[in-house]
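Given below, in the form of structure tokens, are the structures.
Each of the next two complexes has subunit A plus one more chain, namely subunit B in the first and subunit C in the second.
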Partner chain A sequence: MNISYMYSLVAVIVLFLVAYVGVMLPGGEVFFGIIIPYLALVIFILGFINRIIDWARSPVPFRIPTTCGQEKSLPWIKPNSIDNPTTIGGVIIRMFLEIVFFRSLFRNTKMALKEGDKLSYEWEKWLWLFSLAFHWTFFVVLFRHLRFFSEPVPALVELVAKLDGFLQIGLPELRISGVVLLAALIFLFLRRIYIPQMRYISLASDYFPLFLIIGIAFTGILMRYFTKVDIVGVKEFTMSLATFKPHITEGIGSIFYVHLFFVSVLLAYFPFSKLMHLGGIFMSPTRNMVNNNRFKRHINPWNYPVKVHTYEAYEDEFREKMVEAGLRVDKPLAAKPPEEPEEKE
Partner chain B sequence: MPNKKKIYDKGAVLVGLCIFVIVITFPFWFNFGNAAPAPEPKISDKAKAAKECVMPKEYMKMEHMQLLNEWRDTVVRDAKRIFVSSSGKEFNMSLTNTCLDCHVEKAEFCDKCHNYASVTPYCWECHIDPKETK
Partner chain C sequence: MSELPNPDEFLAKIEHKPSPRGWMDTPVEIRKGIACHAAKPERLETVGFPNPRDWSCYDEDWKLPENWQEILHKGFKERLDRFRSIKVFMDICVRCGACADKCHFFIGSGDPKNMPVVRAELLRSIYRNDFTTAGKILGLFGKKVKKSYGAREMTLEVLKEWWYYLFQCTECRRCSVFCPYGIDTAEITIFGRELLNLIGLNIDWVAAPVAFCYRTGNHLGIQPHAYKDMIDFFTDEIEDVAGIRVEPHFMKEKADILFITPSGDVFADPGTFTCMGYMMLFHFLQEKYGLEITWSTYASEGGNFGFFTSHEMMKRLNAKMYAEAKRLGVKWILGGECGHMWRVVHQYMDTMNGPADFLEEPVSPITGTKFENARSTKMVHITEFVADLIKHGKLDLDPSRNDHLKVTYHDSCNPARGMGLLEEPRYVIKNVCNHFYEMPANTIREQTFCCGSGAGLNAGENMELRMQGALPRLNAVKYVHEKHGVNMLSCICAIDRAAFPTALEYWLPEVDNCGVHELVANALILPGEKKRTVDLRNEPLPGMEDEDAE
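Up next, the complex of A and B:
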């Protein structure tokens, strides 16, 4: 039994029960429906800004991009202007492709010993595929949720929902993104459990967000296809949050509050967790820097004046002794003016 | 020692943070000053006369799509057209001829909720709304 993952699993189950039972207590709906979500959002926004500012305070004086292509050099050598960017434009394209398509993850390889002692590097795209699937579907699900937070609902949100349900399976229509989200999360979890090296390096802080988001997707799917929820009532409630006139709609089931509580926990936990890579990716010096070491001088901002003793000064100081000892000197001894005896007064 | 007060690339960082805050607070500024009352689907006179729906109201509110799905499958696959409700009444399982027979005005009933909840059932690509064709 793996401690890290048991702790996280137990934590998420406890959170489930807290919300599930909590909303049944008097005042529970106001607490879990209004107070906690607003609080979580405030923590999320302030925590996020704080973390980014903290990162922005760390100087990165030198260019340290991880480059994956030919640097710009002689005119007849073809530079790779995206993987080894020498202009801001190149960096923007590079960052965009990294954030949207996870290109660095695409380069992932698996190293293994084959046939005894032969070292081999193998194609390994599953992590890339499933993490891309996870992040994209998470975004699509979140984006579709805007239907609860806008009136009138923007046409783009409706279009995405329509495309998402284009298989037209069942009623209510199956939303592909929700299912893929859950499947990708389960893959990412099994990967940590089944690959020994992964299990070894996985901590509770890796499992907890996974379980929490699995919990969110699970309760969402449960609500939409199985236990059902009064959507019009839900929207009445969410719109009251969005217009700062919060009031509870009666008769929305506990599962909805569990879903909402999980999301609130995720928001509040976000700035203090590894999930901050959402903001961090923009701040990574190995990605967001122009590789212009060879034609621009970068000066360390915290260089303080160092007391230096240059060779010239050293020689000036010891020239006579050096000459005496037969050492080579840069400047020959100046022909000394004949010493004048010091006058005594 | 690095100067712990200074924010490096201040301009870019602040622009980024502003974008973040604007995106995150979308629901608040998008709906600012918008009352957006919940819809009140109009129960037509004909429906009122019937007093109750094919199933209890709470069930209809949340699960009418599931019911329609069952109706569709039963009619199209099993060729059975009679539905017996929980209160023992018999209904012809038909979208246009039953649902819209009581809920005469689709635009004042079904669409009211659906617009609010942002759902656009594709049923009407084939099934007709008698009101609309007139």
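Up next, the complex of A and C:
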């Protein structure tokens, strides 16, 4: 049984306990509230940049876009300028659609062998839908958090928060993004457990970010709706972090520190994990290149000369046979006895 | 094919439920019928590749160099530094599984390691262990921790797994279409095979064509005189069908155009009919418009099995195209129907062996059309060229001579996903045939399925694998066969034409396979030809046989 998710679950529970208990120890608040978050942020920024630079250091020797539509060839054939872009503009649209709407994932199909001998490929929208839901709500939640790090709070942040709470139920008002985020994460997790193929390929490092982000969302929801954390106190504290004059505000409660610790772990973990797809998607040569291969030469910086079999060597080997077959040769046969005249037309 | 179960049993056996254990806990078992024979030593010697020897993948001992791990590690590192694609693809896969059921080999076999993501993980696991910080740190806590992170050490077991599964990928790129990051498992396979070649691990069905092509100019090892013999033979055949004697040019200096196509079409049916098709077309163009197109025996191979070996070998074989065009002083190059040849020509040739500044920007002398899209590489695809001729009404066509055929069209992987050549062949077919039917949308164009035998997997000993790989494609053909009575599967790839006849015989014997230019030549009215009563295959044309009998 592939139970690699247990490792991740245990890891996240341990992290929870570490923060929950740790913050009660002397100096715990400073450690978990100030030192760890700053450290994590530094690791995130340096790690992220380092990874991008590392990728960028390797050249792209060949132009290898995966073409997903008609090429540009004859003037009367309509090219697909997005899925088979020949201009930078086309690439930008292609990338935009990938990044904002997960266009390739949208194509997803589910294969099944039906009636014993009929292969079918049905549109599989759920992964796309929940994945998009997860990423967008994650982004919205992140964006809303800006209100903790800015004073005055930008109007756009206020607006997003308002839209997010448009259902106007509960007190404090229910924010849809948090709930959808949690639901989407649970879907993504269950998918890994229940689809045998997914279970087969999933590693502990696939479950870990899911559990971690579930942990973040869960502690967040807990604070907002249940333990009703002291928002004013939190804001005072987060502003102190944002202005680099960190000081602890008393009485915020352990759950807040767990929340903050989870976020710190996510940040520090990010550059060393698959989460780097955030940066990688921009650098994927099969998606970010222009399919102008035959009209604009692409340069390979390490192109080196290779040993080839030249025509001269070829003719030297086969000259006799070529002449016999009436094929034109560059050099005439050398030691040809005169009584055997060449049969050349 | 005698060892294969019948198709019904074959289908009943396919299970898409992988073992509940993770892939790292399921050891590899190299099976007959799936694996290909190892490369013979003389192939490697011809091209100066390392570690030539007699060996077999079923042996315990693969006779590897002492320091094979070190060689692979170094090779891996070198290539990470050379290819951003590899580096990024190693790092960013989220194992979302979108690619999993897109691979024809997974669909046809149910072997979970044929899911593209796992194929890539086979290499990624070594990458994590050897080249990532996290892998190195977690490694300190032991194998189990390492494994949960998806890292493992390179062992003989792992190497065998690489070899087995890297030669169960046809580098078709279908997975890449569906991956949200465009991760191209073909690229990973290309890279993996390149590594394997560093320690002398290749299959003979790749290594032999490479060696042949290097020496004789084509994959089949046809020497110049024999090549000419075959073309002469086709000349006779054409005379029988059309009553016209065509006169192909060979290595004609200062011809207008150099024509390069895969040698497979010179050698075996049904490719031969496509080859005859080219010859008839060129004859027509010469007679009517004075266009001179020459063949070459030196550059007598469009395909490039170097592509399935290493980037360097691809370059070495590809070099002949430009070299020959330069030597002959032609204006530009016309490329025949071939899949991976066109991936190489379109995405690699100019970069590797260009710039082709000794050639002219391609212009059709007949229609005046400038092939703007080929202005740097100077090589035009024959369906681009012919579509343009048809559009301008320059061909005399009688599509009713293909009325006995109900045709569907298979997009070959490489022109579809490495180029985007989708409409041109369809336009040609629709103008030379009256009965054309598309297969279901999820199986054509950029979503097309591989023939199952590409990238050098068209051998005889891996027949089970080939039938697995061909299943999704032919299942879609079966659909149009049952719905519309389709009886001809057309394509623009010589590997297809080598692969499909066998696969059709197994999965769908009612349907035949042909190249697009066979259809063109059936319809093409040559100046002064006799009344056609048979098609290129010498099969009677319906409605014409009576007159023939009179």
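Rule of thumb we're sticking to: the second predicted complex is superposed on the first by the 307 of 345 C-alpha atoms of A that agree within 3 Å, B and C clash if a C-alpha of one lies under 4 Å from a C-alpha of the other, contacts with A are read in each partner's own complex, and residues count from 1 in each chain.
Rule of thumb we're sticking to: a residue touches a chain if its C-beta (ideal position, glycine included) is under 8 Å from a C-beta of that chain, and two chains touch if they have at least 3 such contacts.
Just so we're clear, the structure is a prediction, and the values are computed from it rather than from any experiment.
Of the two partner chains placed by the overlay, only subunit B lies in contact with A:Ile45; subunit C stays clear of it. In the superposition on chain A, A:Ile88 makes contact with neither subunit B nor subunit C. When the two complexes are overlaid on their common chain A, residue A:Arg107 makes contact with subunit C while staying clear of subunit B. Within the superposed three-chain model, A:Ser273 lies in touch with subunit C and out of touch with subunit B [touch as defined at top]. Of the two partners subunit B and subunit C, more subunit A residues are in touch with C.
Once the two complexes are laid over each other on the shared chain, residue contacts for A:Trp302 go to subunit B and to subunit C alike. Contact with neither subunit B nor subunit C is seen for A:Ile35 once the two complexes are overlaid on the shared chain.
Look at A:Phe149: by the touch rule set out above, it reaches subunit B but stays clear of subunit C. Contacts of A:Lys228 after superposition on the shared chain: subunit B is touched, whereas subunit C is not.
Once the two complexes are laid over each other on the shared chain, residue contacts for A:Phe62 go to subunit C alone; subunit B is not touched.
Comparing which residues of subunit A touch subunit B with which touch subunit C, the overlap comprises 56-60, 302.
Contacts from subunit B toward subunit A in the complex involve residues 1-10, 13, 16-17, 20-21, 24-28, 30-32, 34-36, 38-39, 61-63, 65-66, 68-69, 113, 116-122. Residues of subunit A that touch subunit B in their complex: 41, 44-45, 48-49, 52-53, 56-60, 146-147, 149-151, 153, 157-158, 161-162, 168, 170-172, 228-233, 235-236, 238-239, 241-244, 279, 282, 301-302, 304. Touching subunit A in their complex are the following residues of subunit C: 7-8, 11-12, 14, 16-23, 25, 48, 80-89, 91-98, 100-102, 107, 112, 115, 117-118, 121, 132-134, 148-150, 173, 176-184, 187, 214-217, 223-225, 228-229, 250-253, 297-298, 311-312, 315-316, 319-320, 323-324, 327, 346-348, 350-352, 354-355, 369, 371-377, 379, 384, 387-388, 391, 416-424, 427, 440, 442-443, 445-447, 471-472, 475-476, 479.
Listing the residues of subunit A that touch subunit C in their complex gives 1-2, 4, 7, 51, 54-64, 66-74, 76-80, 83-84, 98, 102, 104-105, 107-111, 113, 116-119, 121, 127, 131, 195-206, 272-274, 276-277, 280-281, 283-287, 291, 293-300, 302-303, 306-311, 314-315, 317-318, 321-322, 324-328.
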